[in-house]
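Have a look at the structure below, then the notes.
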Amino acid sequence: MRTQEITVNLGPQHPSTHGVFRLVIHLDGEVATGGTSVLGYLHRGLEKLAESRTYPQFIPYTDRLDYLASMSNNLAYVQTVEKLMGIEVPERAEYLRVIFAELQRIASHMVGVGTFVMDLGAVTAVFYPFIHREKILDLFSMTCGGRLTYNYMRIGGLSHDIPEEFLPKLQEFLDYMRTALEEYHQLVTGNEIFLARTKGVGVITKEMAMSYGLSGPNVRASGVCYDVRKAHPYGIYDRFNFNVPVFESGDTFDRYMVRMIEMEESVKIIRQAIKDLPEGPVLGKVPKLIKPPAGEVYHSIENPKGELGFYIVSDGSPKPYRLHIRRPSFVNLGVLEEIIKGWKVADVIAILASLDIVLGEVDG
Amino acid sequence: MSVLDNLFVKIAALVRTTLTGLGLGDIWVNLAMVILYLAGILGVMITAALVLVLVERKIAGFIQLRPGPNRVGPWGSLQTVADTIKLLTKEDIIPACADRKVFMLAPVLVLVPTILAFAVIPFGKGMIATDVNIGIFYLIAVSSLATIPFLMAGWSSNNKYSLLGGMRAVAQMVSYEVPMVFSLLGVVMIVGSLQMSAIVEAQSKVWFVLLQPVAFLIYVIAATAECNRAPFDIPEGESELVAGVFTEYTGMKWALFFLAEYANLVLVSAIATTMFLGGWHGPVLPGWFWFFIKTSIMIFFFMWMRWTFPRVRVDHLMHFGWKFLVPLSLANIFITGIGVYLYKTIGW
Amino acid sequence: MLQQYGAIGLFFIFGIIFGFAALATNWLLRPKKPHQVKLETYECGMETIGETWVQFKINYFLYALVFLVFDVETIFLYPWAVTFQKLGFFAFVEMFIFLAILVVGFWYAWKEGAFEWQ
Amino acid sequence: MYGSGVVKGLALTLKKFFSKKITEQYPEERPFIDHRWRGSLQLDKDACICCNMCVNACPNGVITLESGKDENNKRFLTRYEVNFERCLVCGLCVEACPKQCLKFTREYELATYFRDDVKLGLYHNPKLSAPSSTYAQKTEQKKEG
């Protein structure tokens, strides 16, 4: 019997496209035969905005890239400017930066994992990670006064030192994390329905992952051991002892598991950082007017979502001549159109969620 | 205690004698009694549905470490009242492209099978509207009609999400009908009667959940699928199909679907109580109260499941139904048949 | 007997009336402000692409056929289940043969891939 | 065994069902606000030296500062407005202030009913400066009243 395909819009106003992403999908019955992603509903022209802001003034804008990982975005940007200018960062600030970046990784993965499981239909599984994330946000707001957009990192260090009560609270949180992750494994990871829904679904092969330039947990789930923290250590990451989880099959389940294990590894890094945390200032010697020499620089760090890189061209003025951002969510999203082929509508949603995109970053 | 035990039966008998005393003909008295029963059942059903909406939200909240709705009235008890008022005064939108007649008819019809099924539910000893001699058979026949309104709604909305949802609803209900019917067959084989009151009466010594544990399990799974509740809520499929078959429904039309969902939940829990959990049997407390407790426990279990599990994918659902539940329920019938026969002939 | 089914008929009538009554209440109370945009089909905020009512692949055609077979079987099984305790050994074995034939059919359908959702 | 994961999940949710609820009953129960909270802005107008550092630090240019000069050629403030509508609440202005006269308050309920109320008139001396815009007047009237 001859059947016709139907074309359906998933998004921009859809419960599980993680913002205003639109996927025009062709369906043969329940099965997707192809799709086109439509981007740009949240485009704010951040790269262009940077050209009319001074270097420090652009820091708050980086918060709005991947708004679930503002701290890491800050870090990537300020490190790029530091690299351009050759600014030394005090030891204490370096350690605190690691602590905050790793806390941010946990917070971001909590949302990534939670929303992924929610898109599979388990609504309760989104509430528990958000409760854990809330504790991280408390730590952040205690330090810098913000809960979503922190604007904490400064060129040459940090805006504030940590308050006194921070470290005990952090210790408490790290101990809490162990039970929290165990509980989550109990609720989700062993669940047969969850396994049936995720194992073998939306496979990204090693070759595909590399040719699409994926990064972060998505590429590590496909068997490529690439973590910027290990491959091109930035800051003081070479001083810490941690593992990079790598899975082989590249399905949605592996992408979920990589995130779960990365959270444990982040806890390890934070514990080491607390142990070695030196005393001292948190803001180094920085010129009052930040005016980098003419030239260009690229620097990338391992963001929770993948490799976040900033490319800055300076003409010697206090404002960047050109700024480009390698946004991991945007690059990771590229593979979507290819891997949804042949999967059912429900899987398409699961695959999209397993890529863990944030539209603020995709659209820039 | 016996007064309480037969409270509703006594009331019904009183009404009947009063009506006969007024000199009404037999047929008119019977008619009046049926209307009385109907009013009672509708009252119970709607109250239950309204309360369950709140209970469900409270349970969801408690599982998610929230208090649930707690603003309207003490502990949020008037939340559903507020919701009902809102739904009643909502603008009713019928999409321009929809098939208007079918679109209108679907929510009207969605409650009918449920109301019909309630006619044979024994809420207590003697508390049954029409104790037809093919009770359980009638129940199965009627409840399988529930598919049609969903298909009507899905098709007539002229919305792709609704269409997919409607198709899924049919696939799911068709597949889980078979294991559900077979699981109930085991009980019928033991009792040797289709009458609901006889089935409950047969459980005075031992509940059938102990004799038919596998059938009970199959029934619970199939019933969850039959009333489209998570983890089998694929016709609604919120994360992929937005709201599935209900996408285009607003106001009271949507509320009727919602009402039907909860009424169905009560229905399947009541059937589980009747068929497996000994119906109104229980010590000390009045029978209807036991029935209420058992049904509530079943409802809690269904809600608890809903707020724990991810959604099953449509093909897994079909595979699970046909490749696991159907063979299992067939095997259950075989074993029950042999068991009952051995018990009868050898007296073992 | 007839009265029992008459009662069921009444339940049916009232069931339908109930639905219409609810809608009528809504009709009396609701605001009526139609607008062209409100009447559009919902598709995530975009205009719908293409027709919805097309020849559309439903995957459960084979399931539906097997379902039909099993539903008919149920009709036979229920009367048997009620009386097989009285009918004795012959009815017992005969029904099992009937069931066995169905199991074979079920197995065949399984083998032929009727239960594969493509 | 197949199905044990499902049972484990049910056990966890049942445990959570009976454990303590953590929701904050917001309007009755006030949340704890950290000392470094970036809420509304506060200006110590006497300490302000009108150096324009905050104005220059702002990425979005939301601060309007007007000043005059007295007989000793010292600057004094005549108007200070923050257009909170476009404020990122990044705190760069607070950091830039050399006299620490611009501070964040822990006031966090910044939602208003009208768009004009969003704008924050921190100081306005009507005698000394040009007529203020309506929103600054409104804020002042509120403070007086």
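Couple of notes before you dig in:
To keep things simple, chains are lettered A, B, C and D as they appear, and every chain counts its residues starting from 1.
By definition in this document, contacts are C-beta pairs under 8 Å (C-beta built on N, C-alpha and C of every residue); 3 or more make two chains touch, one makes a residue touch a chain.
Small disclaimer: the values here were computed from a predicted structure and weren't measured.
Contact count check for A-B and B-D (C-beta pairs in contact): higher for A-B. Inter-chain centre distance (chain A to chain B, centres taken as mean C-alpha positions): 45 Å. Taking each chain's centre as the average of its CA atoms, chain B and chain D sit 54 Å apart. Annotation: 28 Å between the Cα-based centres of chain A and chain D.
Our note on geometry: chain B versus chain C, Cα centroid distance of 15 Å, whole angstroms. Contact of a single residue of chain A with at least two other chains is seen at positions 6, 8, 10, 14, 30, 124, 131, 187-188, 191, 193-194. Shared interface positions of chain C, defined as residues touching 2 or more other chains, are 43-44, 48, 52, 56, 58-59, 117.
Each of residues 6, 9, 12-13, 22 in chain D touches at least two other chains. Here the touching chains pair up as A-B, A-C, A-D, B-C, B-D. Contact residues of chain D toward chain A in the complex are 2-6, 8-9, 11-13, 22, 34-38, 57-59, 88-92, 95, 104. Those residues of chain C that touch chain B in the shared complex are 3-8, 10-12, 14-16, 18-20, 22-23, 25-27, 29-34, 36, 38-44, 48, 52-53, 56, 58-60, 63-64, 66-67, 70-71, 74, 77-78, 81-86, 89, 92, 95-96, 99, 103, 106, 110, 115, 117. Chain B contributes residues 27, 30-31, 34-35, 37-38, 42, 87-98, 104, 107-112, 115-116, 118-119, 129-132, 137-138, 140, 144, 155, 157-161, 163, 167, 170-171, 174-175, 177-178, 181-182, 185, 188-189, 192-194, 242, 247-248, 251-253, 255-256, 314-315, 318-319, 322-323, 326-327, 330, 333-334, 337, 340-341, 344-345 to its touches with chain C in the complex. Put simply, chain A touches chain C in their complex at residues 1-4, 6-14, 22, 24, 28-31. The touching residues of chain A, when paired with chain B in their complex, are 6, 8, 10, 14-16, 27, 30, 117-125, 127-128, 131, 187-188, 191, 193-194, 196-197, 344-349.
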